[in-house]
Structures are given as structure tokens and as C-alpha cells.
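Structures incoming, each one as C-alpha cells.
In what comes next, chain A is part of two complexes: it sits with chain B in the first one and with chain C in the second one.
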Partner chain A sequence: MAAFGGWTGKTLRVNLSTGTVQVEDTIARYKDVLGGTGVGYKVLWDEVPARTRAFDKENKIILGTGPLTGTGAPSGGRTSITTIFPAVYPDELVATGHMGGGWGAELKYAGWDNIIIEGQAPKPVFLAIVDDKVEIRDASHLWGNGIYHATSSICQEMGADTQVAAIGQAGENQVRLSVVMTGFSHSAGGVGGVLGSKRLKAIAVKGTGSVRIAADKKEWKQLIQYTLSIMGANNQHVVPSTPQPWAEYYAPGSRWTARRGLYWGAASPAVETGECRPEDLHRMAYRTAKATFDLGPNAEKYTVRMGGCVSCPIRCHSHLDVPAVEEKYGFSRYAASTCVGWGGRAFFKSFPDGARGQASIEAAVVGKHLADDLGIWTHYSQLQRDFKYAYDNGLIKANLPGSEYRSIPWERYDNGDPGFLKEIYTRIAYKQGEFGSAMGEGSGRLAERWRFPAEYYKQQGTNWWKMGHPKHHSSEEGGQTGVLINMMYNRDCQCHSHSNFLGNGLPVKIQKELAAKLWGAGAVDPDGNVTPMNIDKARFAVWSVLRKELHDSLTLCNWMYPLAASPLRSRGYEGDNGIEAKLYSAVTGDRKDAAQLDQVAERIFNLHRVLTMRDMAAMDMRTRHDTAPDWVFDYPPDRKPFTPGHYKMDREDIDSARDLFYQLLGWDKKTGAPTRASLEKLGMKEVADRLERLGLLTA
Partner chain B sequence: MTGIRDMNAEEFKALVEVVRKASNEGELTLAAEVCQGGEDEFAALAVTAAPGAAADIIWICEGDKSYLFSERTMTRRYAEAAALGASRDPLRMIAATVRSESATYPRPTRLETFHDRPFCLSSEEITTAVARMRADAQYADIATARASNGAEFLFSSNHLSRDQAVSMAEWLAVGQCDNP
Partner chain C sequence: MAEDKDLLCRIMDRLGLPAESSRRGFLLSALGVTGVTAAMAWGQKSEKAPFVILENAAGILVTDSTRCVGCRRCELACTEYIDGRAQPALARIKVARNYNFGPRGQREGFGRSAGEFGNLRILQDTCLQCPHPVPCSVACPHDAIVADGKIKARRADPKKCTGCRLCLHSCPWEMMVFDEQAKKADKCFLCDGKPECVEACPSMALRYVSWRDLTHETPIRQAVPAALRDPKAAGCIGCHELNLERGHRTAPGAQ
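Up next is the complex of A and B:
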């Protein structure tokens, strides 16, 4: 039995070139970086040569769980998949895709914390794991098939209770915008092509074991109940979306959408979500009625139920039954997804019956099936935005051979016909023609290949951020805090720590009171009224990034955690900033408080930083990496920063934001690079030594 | 109907339970429908006949009517909104809600909000009320902000600038959907 709870103690290393598998000691090698992204960054730093490209045989891909995965810790079902990321532009750099579902927990039950995949198989294979038995099996019969078929076939072969993570045709064809998918709707974006390059179709897992929890049963049960008591709805929104008797506050944008008179209308019989009062933990799963939130009020009648990941009380995946999808387009009428997973409709400029009518819902379901079966990543809907930009500006017509352009039935697109989506997704998955080859490359390469005009990178509505990826909760959520967070990553930042708090629905006065205890009251501005940079905002940004890394390594869902606020009026709406540390300590027996665990997260974030520097061969992160697009500073053109009614930033102010962010992390202000002192403080002397040998350590 | 001053302890406790049950259902209790007497008499009996039995029962007045609710299951904020809703004076109800939200959160209030409980106005009632407010000087601070998708909001210029209200309306109606 491992000395600590939580971890199984074993990491699996699979070399597809040699067909060998090895077992490594998780605790000895990886405890200092917890799991998930932490392990991924460490493996890439230790083992993958600098400047390795995503589809090179030398690249490795790490599927990492963490000590909390599969323990029953609420929202602890995620898996982080870390690799040199294909869609980063122009250099291919480290990044992570994340998936929920039940795969990560099953891996733990099989006795494994992480899987490191290296090399390249000579022919298509899949990995079959049943407890400690690991086999590399032939996947010739699966290659060329979609994720749905591959998943079902493997389950027929190994048993219905097998958890499968698979790629579709897009991943096989090394489309940069491709996913790894588990459970038919839980996808890790951007990493599918790396598995494709290694000819690894899927990783299937069956486990009969369990995860040991260090705390005694009573302590653990009390902690779980306490954690549930301070959880809200999806994105840790802590007030309902409509006025309700029990609620002091409400916010129309809240994902706590349950209310009297709102139903899972396609359930038999229909189920009323009703009021879900915070103290009624048995009704937590009803709080987030997401279909109407994502797709509009017409989706109520199609909602069968809500679903989601293992051990998560927040059911954010809408399970729909839309008969017209089968009747009109030949796809299954049943579909489950959430958020941008319904983004097929976002390709269209309009629908005959409006933005949230029947055609929009049909497009959402048709698009979900195509993207999730072919294994295409829509890149936080940047694929759709780029498509519309190219179409509206004549760039598709200009860049496609005439015969190819004419082969696409554009009138169906102009008419808002959901069936048109098959043209888009199929061409991308198979890299058909210029359209399919270019669109799947991701924004950076697409824009270069089709010579998008300079305005593309400067216009606010394109959402372009940098390095081939879009913004993700940037200046419009937290002003400088959102900008700083978006600057730090190589893909769209996938950080929700700040946006969860800012979107929680509480009045700004209460948000400021809560912020004062964590970062300083100046961290929060009234919405649409940004004030100049201050140290509180920098603390908020650093906290946000560190908690994101912590969640992706423990693993906990960053779409719920941190729990900085709660729905409880009796607590003054305060959450618990130390909840991650409490869960970690109880599970592992390694007692750490919030500050100590944040320091581990800081170590992980620094690994991401030095990996980025190494592969960019650059020390000057400040000007070469930590950048924001012009639209952040120039839009709207007729307004001055720090006046009400917009989110326009000031360049000098953002310079000072960088200074403060670097200062808090002990990084060099001139370059934004970690220093020897900052690294050694985190126990990373060897990293500092190596950085020095690479000529990347500041003087 | 028994007057409060004539109630014994058991009758008083039964009255409290009626109020609690209604509050749990999201409804106010109209004082005049369940008892005769005023808040002072209620408070006096709560102290003398049934100490502690009604600590959660709150009286509020809206216009010439008094309402009771239990703060165990209903917040004062909701109760006040419900009392306004019960007044069937849409102009006053809308203005009070808009002013409160512009001051409290702060944010503009989407017109669709007034379809929800406890307001329960029809589209026609909302449209009519907003039109009448524009011509009434006592609602001069209530202004309209429109998002680019046509969604209409109201805000109070006493608490929100037009620029901020328009920006927030755009965020609430369009921005949040585009940035899930």
C-alpha cells in the first residue's frame, strides 16, 4: 500500500515504437507536481528535446489524473492531457487539453495515476488496460472509423463497463484541431492529432480496484458534505437566474437556472426542476438546467435529463431527444453535450426561425454528432468565427480552386440549413481539398495560409488573441486580471478561476467584501467600469492562474472550483479558499494548507513557463509571449480607458500589470522570466541550472 | 375571523404555521385574510402568549396592505418584490425593481424579468407600463438601454450612467452568450 492516499502509486509508460510498457513510482517521481498537468509538464521538461514538434515521434503525450481523481471529491473526475500542442502558432509549444467523464476515475480504479505515451506504433493500435494487465492491441479494424464506432466496438470487445478515450478521423489524419473523446461527449481539445501521429486510436480502461483515502470515513464524509454545502451551480454561480423566494439576490446570467415551472420536458413523465434551495443537497443535480441556458427556451421540451462527469453533483451536460434530427438529417435524435459542444449552430449567420429557434437546436445537435464522431475540436468556437470571417470577406472563394468552391452548396449555408454542417466537418476531418486542409489547421496557420488581412488580428469581434488562439474570458471579465491570465498561456487559457467569481451573480459590494479577504477589495471593479491597475488585481490574476494549475493537477474541475463564494447567506456568501487543501490533505494524508498547496501550483506554473521559454528559445517573455492583441487597447476607438461603458485597456497600464504580476511571482520584470531565486524558492534548483545552461536564466 | 388580541397560544401558533406554509410555497400572506389586528398586536402576542414561536415572521406594508412571511424560507427582498407585484401597479413595481437593481448589483434590468414570479406581467402589460413611464415625470430617471440583438433593458440614471448601462446590457444579452 502506498504511503499516501489518493495516488495509486503507479505511472504507466508505454513506448509504441518498441511495444514495451514500464511501471514507474508516481510518488518518487511526481509527487512534487501532484498529477495531471504537473506530471505532463515535468515529463516534457525532463524528457522531450527542445523544439520538438507536435507530430514528431519524439513528442510525448501524458494523460494525467491526480490524487483527488476518482476519490468521490465533488467534481473530481477530470483528466489532463499534456503534450506539445499542434495548434500553437508559429512555434508548437506545451499546452493541455482536459476531459471529464469517467475515464480518469476508471484509470485510478485500474491502479494507475498517469499514462505516458511515447514513440510511434508501426500500425494502428489501441491500448487495453484491465487493472495491471496492459496490452497494445491491433486497431486496424477501428482505424478510419469515428469515435462513436470505435468506442462501441472496444466496449463490445472488453465489456460494456469499459471507459474508452478515442480519436476520430480528424485525429488519425493529424488535423491540428482534433480531440480525444471519452463517454461520447467529454473531449480534450487540440490533442487528438498527437495520438493520431502515434497511430494510437484509443486507450481503453477497466478497473476493479479503488482509491484509498487517508482520512477516516467520518472525517471524509463530513468534508464532502461541507464541500457540497458551499457549492453553487455550474461555474460556481451562487444565485439563481430568476427571483426566487429563498434567494436574496438573482442574476439573469447565472447558470442556476432551475425554477418552478421549468421542466426536463422530454423525460417520461416530465420532471420539474423546481426551486433548488442551497440547503437541499439532494436537489443539487437539478440546479443547472443547462439546455435552456445554452440553446434557449425551446430546448426545454427536448431535455430528457442532465448528465455529467463521475462524482460531480453539478450536471452540466444536457441530454436531449430531438426527433427532427433523425428524420431530417439521419443522425441520432439523442445527444448529450454542453456549452460550446453545441457550437455547430455558431457557423451560421442566421436561421430561418431566429437565433434560438428550432433550426438552431437542430444545428446544435447535428454539429455535436459530427464534431464528436469525427473528433474535431472547434477551438472554443474560433473555428466557427474564422469560417464566418473568411466567408464574409470572400477569403474562402479567393483561396479555393473554382471547382472546389462550386462543389460546396453555399445556398444551404446562406439558408441556415443544419445539414450543411456535414460539408464543413467532413472536409476538415479528412483534410479534403484546400477548404478541409486549411480550416483544420487552427487560426494562426489558417490566417497565414489564406492571407487574412491585418485587420483580422486587430478587430475585436474576431476574438483573436495571440499565437493562434482566441481570447478566453479576457478584458471583458476582470479587466487587467483577464488580460494577464490570457497572456500567460500558449493556447486559449482555459482558466475560469476569475470568471467563476466575477460571474457568480452577487452584487459588486459583496464581491468586493469577499475579494478584500483574498486579494484586496481593489481586485474587483463594477462591471463595465474598469479602474486602473493595482496590486489587488495582480494578486487576483496570480491566484487565478495558480488555482487553475492546481485543479488541472489534483484533478478538480476548474469550471466549478475555486469555491471563493458560496450560495449561503448565513456565511455572508463566503466560500472556502482552502477547500482544495482540505480535500487534498484528507485524501492523501499529506497535510498542507492553502498557501502550501498554492506553492506547489506555483512550481507547476513555473514548469509551464520554462518549457515555453525553452521551446521558444527565448528569455524575453514580456515582449515575445505575454502579449495582447491591439483590439484590447484600441476598441472602442472613440473611448478613453477607465471611463464607464467599455473594457478598453491602456498600454502603459497593462505594462504596470505585467510588472506587478511578475513581482508577485519573483520573476524578472524586464523579461518576465523566472529567476534563480524564484525557482530555488520552489525547490527547482535543477531547473534553474538547466535554464542557465540553455542561456535562458536572467543575470 | 379571530382578532389577534383574542387568540390563545395555540391559535397564534396555528396562524404562524399558515404563514410559514405560504412562504414555503413562495406566497405572501395577506394579513387581513388571516387575522384582525396590526403588527403591534402581533408582536405583543408573540412575546406574551407564545414566546419565540413567531421569531421568523415578518410584517411588511405595501400601500394600504400588510403582508406576513417567514424569513426561514423567504427573503425580505423577495417579499418586498412580491408585495409590489401584488399591488398591481406595474409602473411603481417596475420602477422600484429597476432602481433597486441599478443601485444594488449594479445592472440594468431586462424587460423579460417582469414575466417571472413574483412580477408575472404579460408582454402587453410591460410594454404599456414602460410607455406610460416615459410620459410620467416621477419616472424620469428610468431609461432604456438596448443590446445589439434587440434585447431591451431599463436602468435608473440615478445609479447607472447610460454608457455603463448600455455596456452591461450588451454583455448580459450578447457577450455572455458569446463567451460561455
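Up next is the complex of A and C:
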């Protein structure tokens, strides 16, 4: 029997150039970075030459699960896909796309922890994995087709219950904004083009094996029940959105939207979401009625049910049946997605029947089908914002040849016709004309190519953050904490540790009480009343990124974890900061407490850091990488930082935020680079040595 | 092996199956050597009264597909809490196989069948705890599938199971599972009246209720080979004829 539970013990390495398949020992090579992003960063650091570009044959792409993936650890169904990321600008640097669904779990059941893809196939192929049998199969019949067709066709070839992760035409055509998608709605942003450059259409998996739980069965069940008992709704919101008989508090922004009289209206017959008391674990799946949250009250009657990933009791993907979509636009009436996945409607400035009317729902569904079938990444809706910005400022007209501009039926756009989306998405997926070629490049290259004015990078509404990417829960969520987190990554930061806590709906007084035990009470400000930087906020920021890396490596969902708060009044709303460590220890048998596991996460985060430095050929991360856009400091123009009612930051204050953040990680204050001491503390002497050889280690 | 073939011919004759050599060869190769041994066992036993389960189970799992969210926590609870490992292939409740396209599979493509890629409805398959004649139990050459404990759930006894896998082909609803580690067949035994899957379901899509016969309203998933459908039939006739003589129209135990 394997030494540890959780891991299957095997990592698959596939070289598409030579058509060879190798098996590696996960424990021996990767246990100290767990899985997921940890393995991804390590492989890129160890094996990919510095300054490799995303679509180079030398780039590798790592699909990583972790020890918890495929177990009953709640919300452990995720996969991290790490590579040199096409949309990072101007240098192409390391980043990760993440997907949920059932693919990662199936990979584990097939006996594999991770897949490392290298090289480039001479012709289109897909990878067929059935337990320990791995084949590189011909995909010429799939190439040129969408994700839906590829998924369906592979299921015909391998069995209806196959888990398929595929790219669409956008990925094939190496559109930078393209995805890998699995299931009907789970896509990993930004990484599709890398598979396209390798001519790898899909990775299909069927597994009949198991993931061993090291803990005793009773102990494991108790831990699961305990974990479930402190979980909230989506994003670990712990109070309901409306007053409920059982609830002491409520907050309109909460995703705990279930209530009496709110239905899954298109279930046949309809099902009431009802009163979902925290202690009723048989109603957890109803807590988050996400369709009405995302799309407005009209979406209730279209909701068939909620769905989501394997093992997750909190269902955040709305499943809709909108018959009009089939009748009017020829797309399937059935659709599933969540949040920005419904962003087709966000291209439009208005609809004939209002922002949350029927047309907006139809646009959401049409947009979902186009994006998910063609495999386009909407880049946390930056694609939509950039489109509107360009349109409003005459930049589309200015940059397209006249004939191309006239070939686009703009009156349909102005009239809010959801069918117009086909024009946008199809052109992008096939890189048609100037419009299609430019829009799919991502914010950085698009803005440069179409000569967006300097104001674009400075205006708040564009959401531009840096390096070609938008903000993702930044200054508006935790002030300096949000800013620090957004500065650390090469794509939009995809970190929810901080925003989950700050958005959990509890009164600030209680949030401060909980924060006091974790990072210090100063970590939390009353909403819209940002106070100057302090060490508590720096601790909160460090904790947030380390937990994000931990979740992306274990894997656990960073839209649910950490469980810093709980919905239980009896616990004073306290969650359990050690829950990840408890789950990890029980599954693997490798007993670690929260601090020890955070240290592993710190190792992973440092790998991300040195990899970024290597590929930027820069030591001075402070000024060259850890930056924030001007709007953070300049909006609203008529207000002073640290006065109520806004989130305006102060430049000197953010400088001190950097100081404290670096200090907590033992990084060099002047440059923000890891030091030999900080790396060796994490058992990364070889990394320090290599950094020194590259001339990137601080004296 | 020649002796095995002769015995098989005798058994087939008794069951009224055609005994020409091609059919024999087919059956032999289909069953494999273990299968032949198994065939011998039931052939010999059928001389006497066969082992059959007559009592009905006390409880049954019922499913609500309008509530199922496809999280598969039921499958995970089943194998983690009973077997100590996460292994949906071994789960005695089945959701994954219907998840993508529903029970009818892929052939109709996207948007045309059930499942995540169809009309979004997820159908859960559970053991029907069949009434007499219990197909898996009837097919078992070792009488390893028995009515167990107070609730009389149909349960596979690992001590009797030889791992021949005949039962896997005998269940029209494909609810038998096979543990490749233990080399034993297994099935839902209702957790002795406290089903883990029901406890684990976050949407109340599963309930444990008093037994009723669902066999006539549940579409089957596989055709069961004739040889497995009634291997004990020859031995059954005595009981059923006796019953007819007594003026009953049904078999003993049926309700």
C-alpha cells in the first residue's frame, strides 16, 4: 500500500513530439509542493528555459490535481492548469487557469495525480486515458469543431461517462483569450491556446480506481460532517440575503439567497429553495440560488436546478432552460454557467426591456453557448469592457478597414439584439479580420495595437490593473489587502480568500472579532472607510495568497475556502482556520497543522515569484511587477484617501504596504525579491543557488 | 475440460437450450473457465430445491431527479464510509454514469437526451432490492447474495462470493459492482437501514422509505443472458407446481 493516502502516486508525462508517455513518482518528486499549481510552478522552474514564450514548443502545460481531489473533502473537485500564459503582457509569464467539474476527480480515479504535457504533435491528437492505459489518438476529425462536438464525439468513442477537457476553435487558432473546458460549464481561462499550439484537442479520462483515505472511516466521516457544518453559501457567505427566521443577520449582497417562495422554477415540477437553516445539511444545495443572483428575478422561472463540481455541496452553477433561445437564435435552450460565464449580456450597453429583462437573459445564454463551444475566455469580463470602451471611443471604427467595419451589423448591437454576439465571438475564435485578431489578444496587446489613449490605463471604469489583466477584488475589498493581492500575480489574481471573508455578510464588529484571532483586528475596516496601512492587513494579505496557492494545490475551491467564518451563531460565527490542514492530514496520513501547511503554500508562492523574476529577467519586482494602476490612487478625484465613502488609496501608504508584505515573507524590502534566507527557510536552497547564478539573488 | 463440456451440455439440455457445438463453444468462451465451474455448481444444485430469496426487503431508496444536483456526494459517502476510499466505480448508488447524457448514452448528442449535456436532469440509479425472484441472487452459483438482517436487504456475502462476476451480468439495472481489490462482487445493502447516501445528500434527492416493487416501472439498462435469468428455474418448478395445486396463482413469498 502506498505510503500516503490522497495521492495516487503517479504523475503522467506526455511528450507529443515523440509520442512517448512516461510515469513519474508523485511522492518522490512533487510531495513538497502538494499538487496543482505547486507542481505546475516546479515543472516550469525546473524544466522550461527562461523567457520561453507561451506558444513555443518548449513551453509545457501542467494539469495538476492534489491529494484532496476526488475525495469527499467538500469542494475538492478542482484542477489547476499552469503554463507560460499567453495573455500576460508584455512578457509572457507563468500563470494558471483553474477548472472545476469532474475531470480532476476522474483523473485521480484513473490513477494519476498530474499530467505534464510537452512538445508538439505533428498532427491534431487527443489524449485518451482509461485507468493506466494512455493513448495519443488521432483528432483530425475533431479539429475545426467546437468543444461541444469534441466532447460528444469523444464520449461516443470512449463511453458516455467519459470526462473530457477540450479546446474549441479559439484554442486551436491560438487565440490568447481561449479556454480549456470540461463538462458543460467549467473552463480554465487563458490556457486553451497553449494546447492548441501543441495540437492537443482534448484530454479524455475514464477511471475505475480509487483515492485512499488514510484516516479511519469513522474519523473521516466525522471530519466531513464537521466541515459541512461550518460551510456557508457560495463564496462562504454565512448570512442569508433576506431576513430569515433562523438568522440573526442578513446582507443583501450575500449569495445565501434561498428563501420561502423562491423556486427552481423550471424543474418539472418546480422545487422550492425554501428556508435553508445552517444546521440542515440536506438543504445545502439550495442555499445559493445563483440564477436570480446573477441574472435577476426573471431567471427564477428558467432555473432547472443548481449544479457544480464533484463533491461540492454548494452548487454555484445555474442550470437554465430558456426555450426562446432555441426558437430565436438556434442555440440549445439548455445552458449552465455562473457569474462572468453569463457575461454575453455584458457586451451590451442596453437592452430593449431593461438590464435584467428577457433579452439580457437570452444574451447570457447565447453568450454562454458561443464562448463555451468556441472556447473563448472572456477574461473576467475584460473582453466586454474593452469592447465597449473601444466602441464608445470610436476605436473600433478607427482601427478596422472600412469594409470590415461595415460588414458588422452595428445596428443590431445598438438595439441590444443577443444574436449579435455571434458576430463578436465567431470573429474572435477564427481571428477573422482586424476585429477578430485584435479582440482575442487580451487587454494588453489590444490596447497597444489599437492605440488606446493613456487614460484607458488610468480610468477606474476600465478595470485595467496591470500586465494585460483586470483587477479581481482589489481596493474595493479590503483596501490595501486587496491591492497587495492584485499586485502579486501575472494575470488577474483569482484570489478569493480575502473577498470571501469580507463579503460574508457579518457585521464589521463580528468580522473584527474573528480577524483579531487570525491576523489582528486592524485587518478589517468598516466598508468604504479605509484606514491607513497596518501590519494586520499585511498578515491578512499574506494569508490570502498563501491559502489561494494551498487551495489550488490540494485542491480545494478558493470560492468556498478558507472557512474563516461560519454560519453558526453558537460558535460566535467562527469558522476553522485549520480545516484545510485537518482534511489534508486525514486524507494523506501526513499530519500537518495549519502553520506547517501554510509553509508549504509559502514554498509554492515563492516558486511563482522566482519563476516570474526569471522570465522577466528582473530582480526589482517592487517597481517593475508589484504595481497598481493610477485609478486606485486617483479616484474619486475630489476625495482624500482615508475619508469615508470610497476606496481611494494613497501611494506612500501602498509603499508601506509593500514593505510590510515583503517583511512578513522575509523578502528584500528594496526589490521585493526572495532572499537566500527566506528561500532556505522553506527548504529551497537549490532555488536560491539558481537564482544567484541568474544574477537575481539580492546581496 | 472435456468433462466440463459434457456437464455443460447436460445442463443446457435440461434448460431446453440448443446444444449444438457452436452455441456450446460460444457459451464456454463467454463464461470462461470460472464460468464453467460456476455452471457446474448450479447444474448440480438444481437437482434439489434451489436457494432463492422469498422475503421482501423492508426498505428501499427512492430518488428525485428534480432535486439531484449531480454532486455525487452519495457515491463518495458510499465508498468512503463503507470501504475507506473514494471510488465511484465501486459505489452502490450510481450517478456518474448518467451524469453526462442520461441512461441512454451519447447517441442523440447534446441537448437531446437527459443529463448535463441534455435536458439537465440527472437520474440516480439505486438498487431496487428486488422481490423474488431476485435476479442477482438467482444468478449466483454460490448462493452468495442473501437477504440480510432485519431489513432483508439483498446483500453480497464476501465469504461465499468467489468473484465469478456472473451477478454483474444478471442485474437488468446494472447495480452490481465489483471490488477489484478484494476480487469480490458487492451491492447496496441499505447500510442496514441507515443509508449513508441519503445522509450525505445535500439536496434531499434521496430518501429511504418502506419497500415497494419498483421493478416494473424502472427501465432496464442491460439485457440479461438467458442462462443467467433462470439458472435455477428447473429447480423452481417443484415449488411453483405445488403452489398451483394449492390453488395459488403466485409463487410463495410474492405479494
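As a convention for this text, the second predicted complex is superposed on the first by the 699 of 699 C-alpha atoms of A that agree within 3 Å, B and C clash if a C-alpha of one lies under 4 Å from a C-alpha of the other, contacts with A are read in each partner's own complex, and residues count from 1 in each chain.
Here, a contact is a pair of C-beta atoms (placed from the backbone, for glycine too) under 8 Å apart; a residue touches a chain by one contact, two chains touch by 3 or more.
These numbers come from a predicted model, not from an experiment.
With the two structures aligned on chain A, chain B fits next to chain C without clashing. Judged by the touch definition given at the top, the superposed model places A:Asn529 against chain B, while chain C stays out of reach. When the two complexes are overlaid on their common chain A, residue A:Leu546 makes contact with neither chain B nor chain C.
In the superposition on chain A, contact of A:Ile424 is made with neither chain B nor chain C. When both complexes are overlaid on chain A, the residue A:Ser332 reaches chain C alone and has no touch with chain B.
When the two complexes are overlaid on their common chain A, residue A:Gly72 makes contact with chain C while staying clear of chain B. When the two structures are aligned on the shared chain, A:Val340 is found in touch with chain B, with no touch to chain C.
By the touch criterion defined above, A:Gly209 reaches chain C but does not reach chain B. A count of residues in chain A touched by chain B and by chain C gives the higher number to C.
Once both complexes are placed on a shared chain A, the shortest Cα to Cα gap between chain B and chain C comes to 19 Å. Shared contact residues of chain A, touching chain B in one structure and chain C in the other, are absent. Contact residues on chain A toward chain C in their complex (touch as defined above): 70-72, 102, 105, 108-109, 148, 151-152, 155-156, 160-162, 183-184, 207-213, 216-217, 220-221, 224, 228, 264, 267-269, 271, 281-286, 304-313, 315, 319, 321, 332-334, 336. Remark: chain C residues 66-73, 76-77, 79-90, 96-97, 99-101, 105-107, 109-111, 116-122, 180-181, 200-204 touch chain A in the complex. Chain A makes touch with chain B in their complex at residues 242-249, 251-253, 259-260, 275, 294, 339-340, 355, 473, 476-477, 503, 507-509, 526-529, 569, 643-646.
For chain B in complex with chain A, the touching residues are 23, 26, 73-75, 77-78, 81-82, 104-107, 110, 113, 116-119, 149, 161-164, 166-168, 171-172, 175-176, 179-180.
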